[in-house]
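In the two complexes below, chain A is the common chain; its partner is chain B in one and chain C in the other.
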Partner chain A sequence: MKMLVGIVGVGQTHHRSKNTDCNGQELISIAVKRALESAELTMADIDAIVIGNMDHFESINYVDMWSVDGSGGYMKPIMKVTTGGTTGSAIGHAGFYHAASGLFDTVLVIGWEQNSESDTTAAISTCFDPITEREYSAGAIGPLAAHYIAYMTKYGATEADAALVSVRDHNNAALYNGYAHLRQTITVEDVMKSAYISYPIKLLDICPRSDGACAVIFASERKAKKITDRPAWILGVGDCHILVHLADGIGLANLPSLEIAARQAYEMAGITDPFNQIDVAELYIPASTAGVSWMEALGLCEEGGGPRLVRSGVTNMGGKLPINPSGGVLATNPIGATGLLRIGEAALQVMGKAEKKQVEGAKVAVATGFGGCFWSDITVLSSLPRLD
Partner chain B sequence: MEQGKEAVKPLSVRYIADMPYNYHAGYYYSRFLRELRDNKRIIGVKCPKCRKIYVPPRIVCRDCFVKMEEFVPVSDKGTLLAFTVTNFLYTDTTTGGPKKIPFTAAFIKLDGADSNIVHCLDETDEKKIKAGMRLQAVFSDNRTGDYFHDIDHFRIIKGM
Partner chain C sequence: MEKVGIIGVAQTKYQRYNPASHAELAYEVTSKALEDAGLTIDDIDNTVTVCNDFWDGRTISSMTITEATGSHKSPTTNVEGDGTYGALMGLMRILSGLHEITLVVAQSKISEGIPSVITNAMFDPIYERMLGLDAINSAALQMRSYMSKYGVTEQQCAKISVKNHKNAKANPYAHLAMDITVDDVLKSRVLADPIKLLDASPISDGACAIVMARERTAKRKHGKPIWIKGVGHCADAYHLGDRDLAEVDALASAAKRAYKMAGIRSPLKQIDVAEVYDAFSYMELMWMEGLGFCDRGKAGAMVDSGLTEMNGALPVNPSGGVLSAHAVQVAGLARIAEAVLQLRGEAGGRQVDGASTALAHGIEGACGQGHCVFILGK
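So, the complex of A and B:
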């Protein structure tokens, strides 16, 4: 059986579209400082560092070394992890693995990105096979758009269903999250009137690209209990990769990688009835369309039930299962940090530290990550060390 | 030392890097590209265990993880599974120049194949495109061993 690991500190920068005030190292140092302060730790307490971003966005290799000026990793073990869109969730898992191994008591995990330094869509497109897939795969947007065509065709979901998700997430960011990049309230009409950028995805359906960083501190059970009386315990993790062949993922209307990852994590955590056992979710929803079509993979509704779930309002703040109180990816997307922000925000919820975003009494939270050719990560967190 | 506003004004340094790549197509893709170029034929490879046919051909079956060696032709007609009409500007990673937009990415299951391919449609009006439509590959006259050139595009088969 794995060792118990808890999150004891979370820090993030104020995310923006273009941050020219500081370079990547300076950006990283802000998130690290805030994470250490939130846990009342110093860099001397940190045993190891895991860092992640996507190399192509900044065109800097060896970020593990390059980031030391900001990460505080001088003369410490550092591991860099890059897995595309799931980078943030993968580094979260890597931090968990480090602490769960028993080799490191306190692990600092850092995700960051200065997306404004390059052409994000062109950089993402390099994840597709150069010989057989890259030419017509427009970064993340094209494939996500086509995937919703498959879902709409199979289940009768609509563009208006996706607009509900966009409104929910944008408005949560505007009302509750002072760190979010986009903070404007919008209406379904605004979404429906915005221009198609890749049919059926419209401008207000898609995430921005942001400059920003997030740092999260993971600690072994022994250490976590010394640092805080209410850590966010990691009860389950799941990770499922699929093929490089994007076309095979798109052709399916569903997201089997998330379904499998969720099953793994739920089993590990003891979740048998996800809709009723989960109090809040911070989901990697990069396009509003995914907020409709991926819900069944998480076991939150029946197959094809995404539109019903979203229309019912239960995923809004105040509903039975609020999704993305922070505003999620549609409001804030510093890509290497995005998945870690989901874990960090979910941790804050079960630690009772989510401030304006707080879902009252949240005990169990899930966070997801999504990347490239339709692969998925999921993390289950709780204020309780086990679910009975 | 500078003082005041000038001292805290952020600067940036511009790089315009040409970084050409030469991707090795390998054994499976080379056979695939050669058949397109020389015979206007689309080929896949069959798993000896589960008999699934993969297009484009590749070394191992995703489910059985056994080496696949039996190349088989598939049809140049297929069914449209999903599509998107992309209409925002980004850098074309092949040329480094701006991408020509709009274009319609088409995710297609060719007749006889068990996996899907991505290519483009010559129709960019989304109202005229529906998942489930039947498509036909249109080959270039001067073929060079490049999948996205030798098959110029797919067209919608009318009267379906």
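So, the complex of A and C:
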């Protein structure tokens, strides 16, 4: 890579089920103001803006144009990037590319969603082919359920393994993250007793939908060093949109897109031993089941080793590799912002600004995005400009 | 800026209804752009698609053309906006140093949607949408505002339509190629006063793809790479009432940035041919002003002088422009593709002799709220 890019500011709203305090532009502006404040910048310092969400959740066409009153995009370069559930991570990567291209020094990236304004599952269900697939597509939960059935069958994982992930993420949100949407301390028993949504996924296994926004400021190396002593350097990016049909993902026990994307990003970042080199991870885990079955795709354990990893407790706060100190997607899910929140939270960790969520001494973090048809994005961040 | 070259371009023929699917349209231009570049899909190391969930009638609309563009095979992203913005994203991915060859694909099947409903959704949902605003009647407000402020006439706007539809006769991809008169335009059915049928672009299905590459690769792979010399984009205020609709400040800002990068100080002298986003006849006049080809309010007189005709000093829209083929999302990328053909000297009957610097332009949102300007050169 020719040019180093760092994250210098992160802001987010207090996420909730239904935001009735303000409209979408105002929600965006709250996140933008907080990001600017965190970097001690003003709108005048911003050279370009990237924004993303999923159109059919709010039914606003040309959100890049609509947003300018909240994004600060008036008389500035602004563009929209959207790739479904991976929108948040894709806009993060777009912000990185803006700064890495040398065309823009300081780039504001905004992800947002007011999911309460739509029927989320109905909107998601139009993502598959209108002729061959839409009739039987029913949102995101069914495919994730089938995915974990395949993993349980192949590797002997259990519903209780997934419940451990749910407890970990929900309790992290409750204890450490004042911005999270669901802040409840729960037990494995609570998860196991909650109602089935789509076997084996139960109510406490699945993410909520949230209203919220996140803004992250990316800067070129020169600019980042001027803004802060400790930016979160982007060491690697990867993305993979390998599947496109609903049926492609069903029966899959593993997540090939994450494996491929991780390989790209790790190679770029110089990560050869992910479990030992990564200090903290903010993962787009839309259902607790994925917190078990996607661990090997990230190279954090051997094939089928997800249950062992989760049971061992190493991914809990205080463990060797804490996952989702923020509570992750199971606690907060404003879809267009969700992937960007992972990048923002990972950045805060390596910047040492994660407050109660802070993993002590975190130097290397990974953030992922998930969506589309089992698509994955990944970002490697570090307080160090390069790994030795 | 490091040199990045465009080494492949392709368009479909634009038509009112194309029975091909979104994916088939995307596949046609992907295949042809690769052929034009002398590459195979395995040479492409990243892809930018341009899809919009409203126009495509599908959530995560980029999934519609993922396979057809081969974007499942390598890193990819999707820009939702005009095709020029997709090209800009593709350019940045190369400039980052992470990618060598980017494929950018835009497709549109407007014939399957209801444009007035889809464009109504770009207005404020609480205060403005119920007024029935859409792309055409909001443009009518802008045309009226522009004519009132600067004394530009309906006849001068009509001349753009006459010129562009005539130019389209030499463009095999154009949707509406025809000889019409100013009188025909003035007498055509009123859509939203003062916009008449022949002031408006058609509803077209179609697709466009371009392939761009880093300098070293571009030179090795292609005999006639066309270089990206400058680019700029900028957005104006959102609410129509917050803007002076007769003004073009966002375009002027985007152009200034692109011109600075390309070393253009006197656009009229230094640019040989321009392909601009004339969704309506009056827009071409306003964009001439925003691009600095003349002073504000003077584009009508410039057109009267014949300067933007095929044999004038600055031919504008030799392809027939967007008035002759309007596949939304695609149209700005098509401006880039046409500019590339001009600079290669491969524009056939619409060739501007000796063109060595070209401008391509796209718009975003209502009444040109956003603009993206590319300067290309040999």
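Here, the second predicted complex is superposed on the first by the 388 of 388 C-alpha atoms of A that agree within 3 Å, B and C clash if a C-alpha of one lies under 4 Å from a C-alpha of the other, contacts with A are read in each partner's own complex, and residues count from 1 in each chain.
Definition applied: a residue touches a chain if its C-beta (ideal position, glycine included) is under 8 Å from a C-beta of that chain, and two chains touch if they have at least 3 such contacts.
All of these numbers come straight from a predicted model, not from anything done at the bench.
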Which of chain B and chain C A:L258 touches, first, second, both or neither: neither
Touching partner for A:Y196 - first (chain B), second (chain C), both, neither: first
Which superposed partner A:L36 touches (first chain B, second chain C, both, neither): neither
Dominant toucher of chain A (residue count), chain B or chain C: C
Which superposed partner A:H147 touches (first chain B, second chain C, both, neither): first
Touched partner set for A:A290, first chain B, second chain C, both or neither: neither
Which of chain B and chain C A:A162 touches, first, second, both or neither: neither
Contacts of A:S137 with chain B and chain C, given as first, second, both or neither: first
Which superposed partner A:I60 touches (first chain B, second chain C, both, neither): second
Contacts of A:T20 with chain B and chain C, given as first, second, both or neither: first
Those residues of chain A which chain B touches in one complex and chain C touches in the other: 59, 125-126, 130, 243
Residue ranges of chain B in contact with chain A within the complex: 10, 12, 15, 17, 21, 23, 25, 29, 32-33, 56, 58, 62, 81-88, 90-94, 99, 103, 105-109, 115-120, 126, 130-132, 147-148
Chain B contact footprint on chain A (complex, rising order): 20-22, 59, 119, 121-122, 125-126, 130-139, 141-143, 145-147, 149-150, 153, 196-201, 243, 245-248, 250-251
In the complex, chain C residues that touch chain A: 1-2, 52-54, 57-60, 62-64, 66-67, 71-73, 75-81, 85, 88-89, 91-93, 95-98, 118-119, 121-122, 124-126, 231-239, 249-250, 253-254, 257, 364-366, 369-370
Residue ranges of chain A in contact with chain C within the complex: 1-3, 23, 54-56, 59-69, 73-85, 90, 93-94, 96-98, 100-103, 123-130, 237-244, 264, 268, 371-373
